[in-house]
Amino acid sequence: MPRLLKKRTQKIGLPPGTLIHIGDETMKDVKITVIDYKDDQFQEKEVLSLDECIPFRDKDAVTWIDIEGIHQPDVLEKLGHCYGLHPLVLEDIMATDQRPKMEDFGDYLFIVLKMIDYSENNGGPEIEQVSLILGRTFVISFQEGKEGDVFDPVRERIRTGQGRIRKMGPDYLAYSLIDSIVDNYYSVLERLGEEIELIEDQLVTDPTPAPLRVIHRLKRDMIFLRKSVWPLREVISGLERGESSLITDSTVIYLRDIYDHTIQVIDTIETFRDMLSGMLDIYLSSSSNRLNSVMKVLTVIATIFMPLSFIVGLYGMNFKFMPELEWRWGYPVVLIVMAVIAAWMLILFKRKKWL
Amino acid sequence: MPRLLKKRTQKIGLPPGTLIHIGDETMKDVKITVIDYKDDQFQEKEVLSLDECIPFRDKDAVTWIDIEGIHQPDVLEKLGHCYGLHPLVLEDIMATDQRPKMEDFGDYLFIVLKMIDYSENNGGPEIEQVSLILGRTFVISFQEGKEGDVFDPVRERIRTGQGRIRKMGPDYLAYSLIDSIVDNYYSVLERLGEEIELIEDQLVTDPTPAPLRVIHRLKRDMIFLRKSVWPLREVISGLERGESSLITDSTVIYLRDIYDHTIQVIDTIETFRDMLSGMLDIYLSSSSNRLNSVMKVLTVIATIFMPLSFIVGLYGMNFKFMPELEWRWGYPVVLIVMAVIAAWMLILFKRKKWL
Amino acid sequence: MPRLLKKRTQKIGLPPGTLIHIGDETMKDVKITVIDYKDDQFQEKEVLSLDECIPFRDKDAVTWIDIEGIHQPDVLEKLGHCYGLHPLVLEDIMATDQRPKMEDFGDYLFIVLKMIDYSENNGGPEIEQVSLILGRTFVISFQEGKEGDVFDPVRERIRTGQGRIRKMGPDYLAYSLIDSIVDNYYSVLERLGEEIELIEDQLVTDPTPAPLRVIHRLKRDMIFLRKSVWPLREVISGLERGESSLITDSTVIYLRDIYDHTIQVIDTIETFRDMLSGMLDIYLSSSSNRLNSVMKVLTVIATIFMPLSFIVGLYGMNFKFMPELEWRWGYPVVLIVMAVIAAWMLILFKRKKWL
Amino acid sequence: MPRLLKKRTQKIGLPPGTLIHIGDETMKDVKITVIDYKDDQFQEKEVLSLDECIPFRDKDAVTWIDIEGIHQPDVLEKLGHCYGLHPLVLEDIMATDQRPKMEDFGDYLFIVLKMIDYSENNGGPEIEQVSLILGRTFVISFQEGKEGDVFDPVRERIRTGQGRIRKMGPDYLAYSLIDSIVDNYYSVLERLGEEIELIEDQLVTDPTPAPLRVIHRLKRDMIFLRKSVWPLREVISGLERGESSLITDSTVIYLRDIYDHTIQVIDTIETFRDMLSGMLDIYLSSSSNRLNSVMKVLTVIATIFMPLSFIVGLYGMNFKFMPELEWRWGYPVVLIVMAVIAAWMLILFKRKKWL
Amino acid sequence: MPRLLKKRTQKIGLPPGTLIHIGDETMKDVKITVIDYKDDQFQEKEVLSLDECIPFRDKDAVTWIDIEGIHQPDVLEKLGHCYGLHPLVLEDIMATDQRPKMEDFGDYLFIVLKMIDYSENNGGPEIEQVSLILGRTFVISFQEGKEGDVFDPVRERIRTGQGRIRKMGPDYLAYSLIDSIVDNYYSVLERLGEEIELIEDQLVTDPTPAPLRVIHRLKRDMIFLRKSVWPLREVISGLERGESSLITDSTVIYLRDIYDHTIQVIDTIETFRDMLSGMLDIYLSSSSNRLNSVMKVLTVIATIFMPLSFIVGLYGMNFKFMPELEWRWGYPVVLIVMAVIAAWMLILFKRKKWL
């Protein structure tokens, strides 16, 4: 289960702009990949030091610098110096507990997003923060460095020149990256949706504590998903409104498409939440139903056998003078009386629909 | 039951505008019907290939192209080329998990709606996506291709020239189609309303698990209906505001009428939701009541017979020296004592209103 | 109980503006009453055909045409023709499932309201739709034709010339009619308020299923009232904003008064809803309390008598060699032991506050 | 407990502006007090008839006319005539079921407020309506006439000339009166807060029906308080916005202070509501817990003694041929067996944590 | 636990601007510290009387006067006189039940904040009110005087000249103080988050009353935190909007950073609230589950042993003529019959999944 909160206490008291990594340290080295492309040019290489990126800075082509691993302040500092990023931006990149947001710094846009992965072994969605810097000729993406990302299809499209990506600017690249992230939400939701449908079937047939635990986990997941996706809406509507000159008109229509997807994802999350709440109500009701039927069995048994036990106890008394005991037909008569009582009780319960 | 989510995973990583069908493939061939009319002209034919539609494109008359089946990308591509539709529009038409929406592309409006049918065998409302393209001289409607639609009355009115439909433009045709869809919501709501009233009566008289399951299903249906109808409000208010030159003033007043209907439908859905929630509360309360009364029966039985059983057990002991056993009136006295105890208990319970 | 939904299915597929009555047919003939007044003139008559109304149309005096019964399309059509009403307006008048609304057609205002009556035999509030047409010199009111209305005091004031009504225009007449309807809401709320207070007292003293059913009915009533009154707020604030030239300034201050009343009615409905929800919670809690106390009785009885029964059973065994049975004081000792056990149990329960 | 609704039915059908008292008649005579002050002048007297007030009307000094008792229409009518009040204002003053509101009539402001008192004998907050008329040189306050008011400190400050009140105009007087009323809300809330804290402690230690009833009463009180205070916010923000020329700039800063207080009061009411809801949940949960522990006791007892009783019953059978009965060590062996069974059960329950 | 409400009753009736301390008196003497700095100058001293502060007033350097202890009216009065503060500001500083707020008095800004500390011995977050006066060359901070504050890192940075604080104006100092306070919220939330996670684990494994009590306490804490943090959002967005000339542009970007943090804190509080509500639901459900399983044990035991006890009781009767008793194989046959019954019951329960 994801932790509720990331440790931030270490930052208390430090001046603003101090670069401190908040989050899990997931890999030793920072991996930097540079992809540089333009119409018919294409170049991709993994660089060891940021100095190698600088030649790309002022080139005409679109440069995408992908940085995996954000725990080394010096790497970020050098980058910030080279591309003129504000210290608070660098601070936010390193703090992985940001809300999705978009900030316009004139020369560049700073975008924070959440990449969600449904990892099997984790038993729930795992959230990784992705920050994007969209400049006039470049896009810089920062990942926490967890294994795998969702950008491979974009890389492939750049490499092969498929679609229009090679013909368009860095804003379209940024759009493509955001689109990959949002698209991936669907696959997470599909997985959760399947789980919900599974639980729903179990619920009616068998209200054991097991589904309860799954419902609780799913509700928790929904809370986290919601927190990651809700602010996204504002981010993308902010981009789409096209107030920044970094976003060209031809890209805006694509952003509108992501906006629709975001709304759809939010809608689905709300639907899931509604359904999970409903399932809890049903669970409670059907558990109380079951208690009812258990208690009816108990009551029927007790109501039938308690009077009978009393009767047999009665004739087990050792009084000297109990005329019935001496009668020839005493025993059979008592047996018949008891049978009548039991039958009468059964009919009564039948009528009350307890049986 | 409708699935919670349609599979969208196959699309992940593809460039925007790639035409991939999302939804159930429900028929083999795409069925294309063209209706062309103007005041006193009228022509209707089923075409085999889209090439046959093209002559209608630039004619003065109103052309309605109805396409049933949206799973063949080539059909849509050809159409998009012919009528100048944006690739993202075609992509949205093929993806049947869209929210209802309206987009203004200047030359044409793109409208997505949900047609709802209450199918008997399905045990719940079935939702089919309908997309409309409203151009200057034409309306193109896309259906998923499930059996039956709600447009027959419109077709009939065009054929017979009943009402004003033949005298008005394509915007009025689009209005008529939307109106048919919204009108049909009423019949679905009527069906659900009847079910709710039925359950309501059962609830008070007999809280078995059966109504619980029906309530759960109805709540689920409401969630889906809501999702389909809520965004409609915005869609129609967007049309009605009359910002597009494609909507004439004389049609706006009719759109206002649909707007009222949409609000009414939303109102009704909310009312149903409120009632279903209320019913669940009542169910829980009345089930807990019933448990109470079951437990009272058990307690009364136990409270009466346990002391009596103890007494008869007492005189069933085999001690050598138990004076009572030798008494002449021992047995009758014990019987009387027990009768008194039982009577006293009954009076007590009567007073506590447990009987 | 009022039905959840009125049948509207019959209308599906008909062109807009088709006059079809939606609702219960409550009387055979349409009753038309005309009241014509001006300062010192006054005329009132029941007319048989609408032709008789036409002379009043162009007169200077204020004309109030009250039409009870809206199920005859021809009556409405003739009226619509005479007063220049839009077909959609006539359609809305005949459909009694409208939401309260106000539409400005320039020459006239179209207002839909709900008149609520608390009928004894119905066991709940009964809702009747009232439509008003406010023109330059006339007011036309349409009622469903259920027995009785709330307009008698207005009629009386016109007849006697009491208050300022004879001195003012048709807008003041419309205000007076709306005011009568809103005033009547108070009497309905008073009745419901009394029921709620009655139930509230019962609740604490006696949680039987009876109050549960009443609470359910009252919640249902609230849902219906709410649906009728909430939109009224918008209607009246629309009138009061005085955008129509049909509303004179001197009437606006009176409309503000109704607006206050409407807010008050809405406030009261919300208060009632809150209270009913609270009562259900209390009901559930106090029912669970009662179960607790029932179970305590059962447990106390069982805990005391089960060990005792075991002891007496023990000495009821028929083993040959049971030394206790032969002892002189065996019986009394056992009796004392059992008394001690019982006393000890009672003290224990006393301490646990179960007794 | 305060009644849910005040009787308003008597007003139905009367023309607007008819003066009818709605509320409890609490005193026989109307008590009118006039305070007239200006810098160094001060005059206070109780007048018998309104005619005596008239000389103060046009004086330069600030005149405060305090009227206790609003059930005599003639008094209000005379006043209305003298100070030029609108009939609807007089009607609203007499109807004590108004919502707090502020209306600007140009020459004067009409303000309705609720004075709340926590009376011991009533067992809950008691609400009294206070209406204020703020004119150019005068303030008229109307009270329902219940015993006591919260204005004594203001009177004292005027008499002694303490603070700035004698130096400022009628708007500051009106502010002081409103401030007294809002200040008093704190004392009511403090009382309720103490009750809530008391109940909170009881809740955890002892879930009897008693706290349930108190919680219900407190929730009810909150609903009423809320209804009285929520609209106040709008009233004061309306005054503070300073659109009326009757409010001087130097007073606005004081109104902002009351505005803060009102928000604080609303905040506190919402906090209390949240806490009461939370307490009900806790109550339900802890009551269900208690049931659990009761049932465990019962089950433990039954599970231990039922098998033992069966065994002793077994050897109480009278079969002729039961070899065990003849054995020398039969009785002790059975005793040991039973002890083992009981011990085993106890260990089992211990492990299940039922003991 | 913090008290729900601070005593405010003592203030009722006093003229506005009267300085009365509302809150706990936590220290005897007021402690005043003055820090005066400018680029390369730095001076810090504890002063005994406010007269010593006055020389700093008109100096060019930034002066920070920190006042711990706000219960002495004369200290505040002198200060108010010296720095020209409005009496209502002084009143608000002394009343520690303020909501966070920001008021612009032209010459200075008045800011009220809540400093939260998670004290071990208190068992919950403790709230201390901090008021800030931001003037053109000075910042005055007022603390309630509880032990410890969160400003030490700021002091340290000023002393050492670390970061940019010495180079910037009083607005940056105010920002730093607010930032310290908001940063500290994270540490409180971390503590609460850990508690919630702990409880969450307990919940599923062991639904005893203990977690219930903790959940209740945590919900209570959330209500208080929420009350303290929600209004902060408005305060900081008010500062950030930069309408006051006291806030320089270079500081605005830092305020935006705090704004993000505030949103994050609010988000986290809402998440915690959602989780606590969810946990209560789970608690209730799992408690009802447990009851179910307890009852099943009881019912199984009773259903098996009651018939058996009846049978052994039957043959314990003392009738003279009971042929079975004489049979040679009577006893073994009865034993076998009982074993069969018991086995049959067990199989039945196994199938019903009660075992």
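The chains carry the letters A, B, C, D and E, assigned in the order they are written, with residues numbered from 1 in each.
Just so we're on the same page, a residue touches a chain if its C-beta (ideal position, glycine included) is under 8 Å from a C-beta of that chain, and two chains touch if they have at least 3 such contacts.
This structure is a prediction, so every number in the text was calculated from the model and none was measured.
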Copy-to-copy rotation (chain D on chain E, CA atoms, range 0 to 180, rounded to a multiple of 5 degrees) logged as 70
So how far apart, in whole Å, are chain A and chain B when each is placed at the average of its C-alpha atoms? 26
At what distance in angstrom does the C-alpha mean of chain D lie from that of chain B? 42
Mind pulling the chain B residues that touch 2 or more other chains? 284, 288, 291, 295, 298, 302, 306, 309, 313, 316-318, 322
Work through the pairs of chains, note which ones touch, and then classify the graph as line, ring, star, complete or other. ring
What residues on chain B touch chain A, complex-wise? 3-5, 7-9, 11-17, 86, 88, 92, 97-99, 101, 103, 206-209, 212-213, 215-216, 219-220, 223, 227, 280, 283-284, 287-288, 290-291, 294-295, 297-298, 301-302, 305-306, 308-309, 312-313, 315-318, 322, 324-328, 330-331, 334
Contact footprint of chain C on chain B as seen in their complex: 150, 152-154, 156-157, 162-165, 179-180, 183-184, 186-187, 189-190, 193, 196-197, 204, 253-254, 256-257, 260, 263-264, 267-268, 271-272, 274-275, 278, 281-282, 284-286, 288-289, 291-292, 295-296, 298-299, 302-303, 306-307, 309-310, 313-314, 316-322, 353-354
